Each structure stands twice: as structure tokens, then as C-alpha cells.
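By written order: A, B and C. Residues from 1 in each chain.
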Amino acid sequence: MERGARMIDAISAGLFALLTPQALLFLSLGVVYGLVIGILPGLGGVVAMALLLPFTYGFETAATLALLLGAHIATIWGDSVTSILFSVPGSAKGLALCFDGYPMTKQGKAKRALAASATGALLGGIIGAVFLALCIPLIRPVILALGPSEYLMMALWGLTVIATFSEGSLMKGMTASVLGVLVAFIGTDVVTATPRFTFGNEFLLDGISFPVAMIGLFAVSEMMKMSIRGTPIIDRSLVTEDSTVWQGVCDACRHWWLVVRSSLLGLWIGVLPGVGASVAGLAAYAQAVQTSKTPERFGKGAVEGVIAPDATMGANEGGGLMPTLAFGIPGGESMAILLVAFIGLGIVPGPDMLTKNLDVVFSMVWIIVFANIAVTIIGLGITPWLARLPSLQANLMVPMVLSVCFVGAYATRGRIEDVVVAAVFGVVGYLMDKYRYSRANFVIGMVLAVMIERNLHISINLYGADFLLDRPIALAMLIFVVVTAALPFWRERRRKRAALQAGGTA
Amino acid sequence: MKSNRRKLLLAGAMTPVVMGMPLRAPAQVPDYYKGKTLIINIAGSPAGGHTRFARMLAPYIEKHIGAKEVRLVNMPGGGGLKAANHVWRLKPGANEVYFGNVSTLLLASLAGSAGATFDPTKFAFLGRVTSEPRVLTVGGKSAIRSVPDMQKLKRPFVFPSQGTDEDFYTMAVLADALGFKLKAVTGYEGNADTSLAVIKGDGDGHITGWSESLGAIRSGDKFPVMMVTSQASPDYPNIPIVTNIAPAAKKSVVQAMATILETHRSYIGPPNMEQQAIAAFRAAVNAAMKDPALIAESTKGERLLLPMDGTVQQKAMAEMARTSAALSPILKAAVKEIQ
Amino acid sequence: MSRHAQENLISVLLIGLFAMVLYLCQDFGPRARLIPLPLAAFGILLTLAQLAWHNLGRDDAAPIEMISVDASAMTANAEGKPRTERTEEQLGKWGETGAYLIVALLVAMIFTVGIFPTVFIFTAAYLILTRYCTVLRGLTYSAALTASVYLLFVAALEMQPYHGLLAGLLS
């Protein structure tokens, strides 16, 4: 009883701390700044937060957190925008949005896709925040129950999406993934300190930067294609933009059950410190395909394929706070930066946080909610303008987008060699598209490769080669992965058989 | 927003001037760098910790060294190796130095890492800015409570690690010096991941910075077994210091390791750096470290300073170079073990 | 070269690539090659199977019954039909060579004159040479783009611009 009252006190104290002019101003500044960074290629939320950090000393706790978290949350939707409009994911998080968002744009449904994605992220963020608040007492045991073997299973689940994107030839699709995995292995292997495929080159020791490879594979190659065709992404004489923002908002609300499932998945992935947000988007997409009654619509502009990843990533933010709060150890790079801010504010993160500083925790929950609302309002407001971009003439788009992409590739790590990497991947992406080796599969392989390798090695090293027998949760997850991966195939077979029988009886 | 940021920038830039000038005029400004542009190559990305320190320090170095301009250049890559290789290859007379973690350079070279094309002891050591004492912790529920417990274990001591970083090498040296069996499990994603592994009991223990583990130690999630430092501190009165408990035969190896770890965040110059330049730089670092405005700023931003004079560092390095022959095979064997 | 021959060439190149990976893996320890080695072997098998399928008549047909999701629809046209093979007539005057040249030129320019001059010159030249707009407008547009990219990346995001090899030689 007393605990409940304390909780309610903390919830309201957290809210009031945020309702100061300074905090609200900082929140809006953070959100606008995050949106811009998210839209720029190659730069993600970590950069956004790191650059803001020096400006946070000396302000109210709630204001500082509002600035940092607001910026971080806004980058997510910023990433989605470029994925949907140009099939150019700004970072690994936006990848899943290319699968259905871009086809929607090409079909003249850009407004609907953008609105659905923004609303999905909002609902996901709110559901994530509510569950975060409810689950606070459960955080520690949950985190302690999971480990490398379970992370491995999460990555394998992400891998099952490959079958979805195999463009008619499963062999070409799988070859693309194999290539992606091998590219991810370029550089110093973290497990064994072996330089792999570096040919003695100092630059390659650090590996191929993931955002740079994506800029090349998607953006540069699309611009190459556009310079050849000479027509814009959407030719307005053939396709008219006939969707509305309202349709997108309704879509996200109509698929509420998908939103809830995706949000819980995002929260779950956020809690696991070894699983990144890039996996979250892919796993959300896999989940949406596998639970859909009509999986054949995915990859061709199904609005569910836009809603699910955004809802998951919206909720993921709340989950990502958990390890930071419960143990004082950051769940990811962005949380590490938040940790620095905490220490600057004189707050020691850790179990104490959930007792002594509970109001700060709830301030953060409120910030997540408010930041998501702000992003969605701004997002829905600018959607009609954004939706016009894909119909810009090719001869204007090509030089501008190419220039920005190469600047972005360089800015990612400040290394000039990355410009060459972006160009090489641009050509590779162009050839892959031409000969129908799925670029999406390549990137999925690249994202998941290192995670699978790390966690496989750790699992074998800790529990032996038969580690699954030692880890019942991992085993259950593996069974789940196999079943959900097989489900669409089984449904398809049953549907065909039913159609055949129907044809036979007719 | 831009104007807001500019105001903040301006305010940040003004503080040291306003606070520092009346208190202490720049004592003797050594002439070497007068009118020159000094380039400080930061071994890390603009988002990283080294950059935050370098930015805080730059105006004070500029003030005390008398250079026309101090330019910060980020040179991330290979865990500092790119920047170190760059500084190693500089032509004489280039006014460039390296700023970042020097311990990793020393260890990478001793372990024979691909990419380390320098002899770290030949760099000009210009002064340390800060250092973080390293602590070996075990899980709060672990049966291990002391070094003898580790030595008595009937199985290897399981050490979750991110990869071949400083802590990995330190652990290998500790296992050799203190005589316990070690099993390094590499591949963890970051400190959060290794910390959780230790708290859960998947691993026995690991080494972190003192402040990183302080919260977990206080809450009982972790238990400190020893400090990997050469000196005791009132911050941790009851934790044994490794140099005190190592057997006599292994003392020099452990001391060399502690010296390496304690070089931490320092300025170093190219091997052919002119004596005048070295002297001027060391003097400027020393003066900056005593600047009340910098001390105030570092306390406010929780970026604490723990300076060490460049001359002292250079001496310690010469000492370390003598014992490193014993270190190198241990490090190389540890790397071989995980491959 | 016919499309059929091009596909075969790609497969052969891929086999060569995977074989090289296999060869390079020989230098790694057992743990470092635990995943790449079998994966490269698997890649060779996949490509060989693809090669066989391609040349034994069942070109591009789905060899395994699977859900008919098609990622080529990511570039599908309005009716949702997967894009068919591009014909030569659809290519611009310069065709593919032009696209490769543009990318190569852009990279070469960045290395010689640095990032921001390249952004300005490249954009202006492209706009003017493709007759998208008049010379004056082209220059104005590219100046505006260069200025905003500079403001965003250098002023706001504190990127240190790359000045190119030419600047190094001159100084």
C-alpha cells in the first residue's frame, strides 16, 4: 500500500519536474535537433547525444535529460523518413522500414506510410513507457535470467527474415546474406584478436562501417540507377499521391494488436544489453510477417511492415534504460552517454535509482512519452512536404543526394577512406540490384553476423558445445524461432491445398 | 537553437578567461611554440571520452604554451593505433602530438598486435592528465573473496572480456604473477555485458575502472578483490594492492604492468621531438594542471584530473622497457590462447 | 554480352571470391575461422547450385516453394508488378558507364580538392550540364546546398572537413 503511494508520488513528482519552461524548451530543442540528425545519412542517436553532452552541465536534471533523451528518440523517426522516402536507411535501425515503406512511396502512398510510421513509433513509445513503469520491480530478475545464448537466439530470429526477401531465388537470396556476413567479418575479430581479410591495411583493421556500407548499397546505388533512367522515384504523370496523413494514423490505430505485440518485443530487446536496436527492427518485421494471415503482401507495401518496426523501436528506448537504471551499467552506447550525464548531475545510477531517485526515473518515462508526442506532432505536420520529395526531378536529386551521402559517409567516422567504401558499396549495390541478389539480405547478414559469432563463441566457451541443454530459455527460444520461421511456409501450403481442393470440388 | 548553442559555447569559452586571469597570469610562457600552430591528435571519435577531456584542456594548454593556435584533430581508429602510427611517423619539427590512452599503445606493441608499427617507449612522454585506478571485482554472490581463494580454485578463474583490451592483458599478467589458472571468455559486447556476466555468476570476475564498478560494489552486486595499482589510496583503504601481494620474483612484472596502466590518458610526442619542444610542452601541461580555472571546470564537469609530470613518466617508461622482456611472452601467450 | 552470360560471369566471380575467403581462412586459428570457413564453403555450394539451375533451363524459377514475397517489388512500379529486366532503350544516353563514371569522378574530386569544393563543383556541373537549369541558377542552387551541408556537418556537428591532397601539396 505504502509502496503504491510512493510510486504515485514519484510519478507525479517526475511529471512536475518536467513541466518547467526550461525542461519543455530543452525537450523541443532536443527533438528538432534529433530529427535533423536522424534524416542526415550516416549519423545516429549516439552522435546526437554525444554532441549535446557538453552543453548540459549546470542545468536542471529534468531539462538535461529532456534534451538528451528527446534528441535520441527523435533520431529514430528521422531514420525512418529517409528509409520510407528514398530507401536510404540513415542507420541500421531504419533498415526494416525500407522493406515496405519504400514500395508504399512508389505506389503514391508516402503520406500514409510516414504517418503510419510516426503513429506506430508514438504508440510504441507510450506502451513501452507504461510497461517500463509497471515492470520496474521485475527488471533485475529478468535481466539476470538472460545471457549470451538467449542473445544468440534473438539474432537467429532476425535471420529468419532472409527467406522473406529472396526475390524468387532462395539461392541468390542466401548467397547475398553469406556475402553480408563475410563483409562484417572484415577487420579485427573481437573474439580472437585476429585481423581477418584486412590485407595488412590499417584502415580495414576497424572493419567496414555499417552506416557507410548502407549509404553505398542503398543511396549511392539508387542514385546511379536514377542517373541512368533519368526519371524521379515517383513519376507524377504515372502515379499520383492519393493517400492522406489521416489514413496512416488510422492504420496504426487499426492494427493495435500488432502495435502492442511489437512494443512488447521492443521492450524485451531493450532489456537485453547485448542485443542492439538494429536487431529490434528486423525482429519486429519478422514477427509481423510471421504472424500475418497474408504474409505474401509483405515487401510490396504492406502498412503493417511499416508500423511494426517503428512501434518496436519506439518501445525499445524505454527498455534500453532498464540495465542502466537497475545495475548502473549502460545497455548501449547511447546509454553510456546518458550515464555520463547522470554522473554530471550527481545521480549515481544503480539499484538506488529505483528507490531513492524514483522521481528521476519517472521523469525519464514522461520524457519518453512527451518526446514521442512531440516527434509525432512535428512529423505529421511536415509529412505533406516530405512526401513531395520523391517526385523531385532526377537531375536535381542525383547530384544533391550523392553529395550529401558522401559527406555523410565521411562524417560517420571522420575517415576519408570511408568515401571509397561508400563508392565501392554503391557499385556493389547497383550490381546486386541488377542481377537480383537481395541487398536487404546482404545487410541483414551484415548486421547479425557479429552478434551471432560473438554469442556463439561465448556460449560454447561458458557452457560447452551442447550449451542449449544447459539453457532452457534459449532452447525454448530456438523452438519458437524454428516454429515461427516455418509457420508462413506451412500456411502457404495449407492455403494452396485448400485452393486445390476447392478447385477439385468446383 | 543555433543561437542558443552559440551562447553556450561563448559562455564556456569565457569562463576560463574570466575565472583564470585575475587568479593567475600565465607564469613564464616558454617561447618554443610562440606563433606556431600546435596540432593535438585525439585518439578517438568526437563523441568519445578522450575528446571531452581534450576539449576541456585545449584552452589551458594554449594559454600556458603560448601557441598561436591549438587545433584538435580527431583521429579515431584501431583503438588509438592510427593516431599513434601517425605521430610515430611525423617528420622532425612537426608541431603535432598524440592525446589519448597510452596504456593500450604500450600493450598492443608488447603483445605484437598487427597495426602497432612503433616502439612505444621511444615516444616523448609529455605528461599525464588523468588516470583511473583499475580494480579486480568478483560477483557479489561468488565464493571467491580474496586472491588466495582464486589460487585455491580447482578450476580456472572465468574472466568475461570484450576482447584484447587493457583489462584482458592485465588479467593475463595477474594470472601469471599470482599463480592462478585463467580462462578468458572473449567477445562480450561491452562493459555492461561483462559486468552482468560477473554479477550473474556466468563469469568469476573482471577488471574495470574504479568509478565504473563503484555503484555495483556499494550495492553488493560486486566484491572488490584487489586494486591493480602501485599505490594505496584513502578511497579504498581495505582493498589489497597488487604490488604488495605479488611474490618477490614477480614484483617487477607486476610493477611494469601497473606503470603501463597508470600512463592512461596522456600527451605523447614523436620520438624525434626536439628537447626544447618537449620541455615547453611538459611545462605547459604542468602549469595547466595547476590552473585553478581548469581545476574548477574539471570538478564541475566530473572529469577529474590526476596529473603526472612527463619527466616522471619518461623515467617510469625506461624502467618498464627493461622489464617488458618478461611481459611480452605472457601477453603473446594469452592472445594465442584465445585464437 | 547476353544477360545469361552476365549472370554466369557473376556466379564465377562469386565462386572465386568465396574460394579466396577459404584460402585466407587457412591462416586463422580454429576459433577465428569457426564461422567464415564453413560459410564460404556454403557460399560456393549455393553459387554452384545457382549456376546449375541457371544453365539447366529453369532460369530464375523459385527452386523451393516459398512465400511469394518479392523484394524486387521494393523497386516495383505503380501496379505493384515486379520490375522486369531493364532494356537498353530505357538507359540514358551514357548508360551504365556514365553512372560508374559519375561515382568515380566524385570520389576522385573529393580526394583532390576536398569535400566541400567537390560538393559545390559537382552539383553545379551536374545541374548545368544536364540542362536542369541555367548556369546562374545552377551556381545558386549548388552554393545553397554547399552552405547548408557545411553548416550542418561542420558548424553543428563539428565534423573536421577533409581538404584534399591538392591543399596538402600547395601548403
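The rule is simple: a contact is a pair of C-beta atoms (placed from the backbone, for glycine too) under 8 Å apart; a residue touches a chain by one contact, two chains touch by 3 or more.
Please read all numbers here as calculations on a predicted model, not as lab measurements.
Looking at subunit A and subunit C, the chains that touch each of them are B. Counting C-beta pairs in contact across A-B and across B-C gives the higher total for A-B. Using the average of C-alpha coordinates as each chain's centre, B ends up farthest from subunit C. Averaged Cα coordinates give subunit A a centre that lies 23 Å from the centre of subunit C. Our note on geometry: subunit A versus subunit B, Cα centroid distance of 34 Å, whole angstroms. Subunit B and subunit C have CA centres that are 41 Å apart.
Shown for subunit B are the residues in touch with two or more other chains, namely 5, 46, 74, 338-339.
Those residues of subunit A in touch with two or more other chains are numbered 47, 51, 191-192, 194, 414, 453, 457.
Among the residues of subunit C, those in touch with two or more other chains are 28-29, 31-32, 156, 158-160. Note for the complex: subunit A touches subunit B at residues 29, 32-33, 46-47, 50-51, 53-55, 57-58, 143-144, 147-148, 188, 190-195, 198, 200, 202-203, 205-206, 273-274, 323, 327-332, 335-337, 340, 343-344, 348-352, 413-415, 453-455, 457-458, 461-462.
Every residue of subunit C that touches subunit A in the complex is listed here, in rising order: 6-7, 10, 14, 17-18, 21, 24, 28-29, 31-32, 34-36, 39-40, 42-43, 46-47, 49-50, 53, 60-78, 80, 86, 90-92, 94-96, 98-100, 102-104, 106-107, 110-111, 115, 118-119, 122-123, 126-127, 130-132, 141-142, 145, 149, 152-153, 156-160, 162. The touching residues of subunit B, counted against subunit C in their complex, run 2, 5, 46, 73-74, 338-339.
Residue ranges of subunit C in contact with subunit B, taken from their complex: 28-32, 155-156, 158-160.
Across the complex, subunit C is touched by residues 36-37, 40, 43, 47, 51, 87, 98-99, 102-103, 106-108, 163-172, 174-175, 178-179, 181-182, 185, 189, 191-192, 194, 196-197, 220, 224-225, 227-230, 238-239, 289, 295-296, 298-301, 393, 395-396, 398-400, 402-404, 406-408, 410-411, 414, 416, 419-420, 423, 426-427, 430-431, 433-436, 438, 440-441, 449, 452-453, 456-457, 488-489, 492-493 of subunit A.
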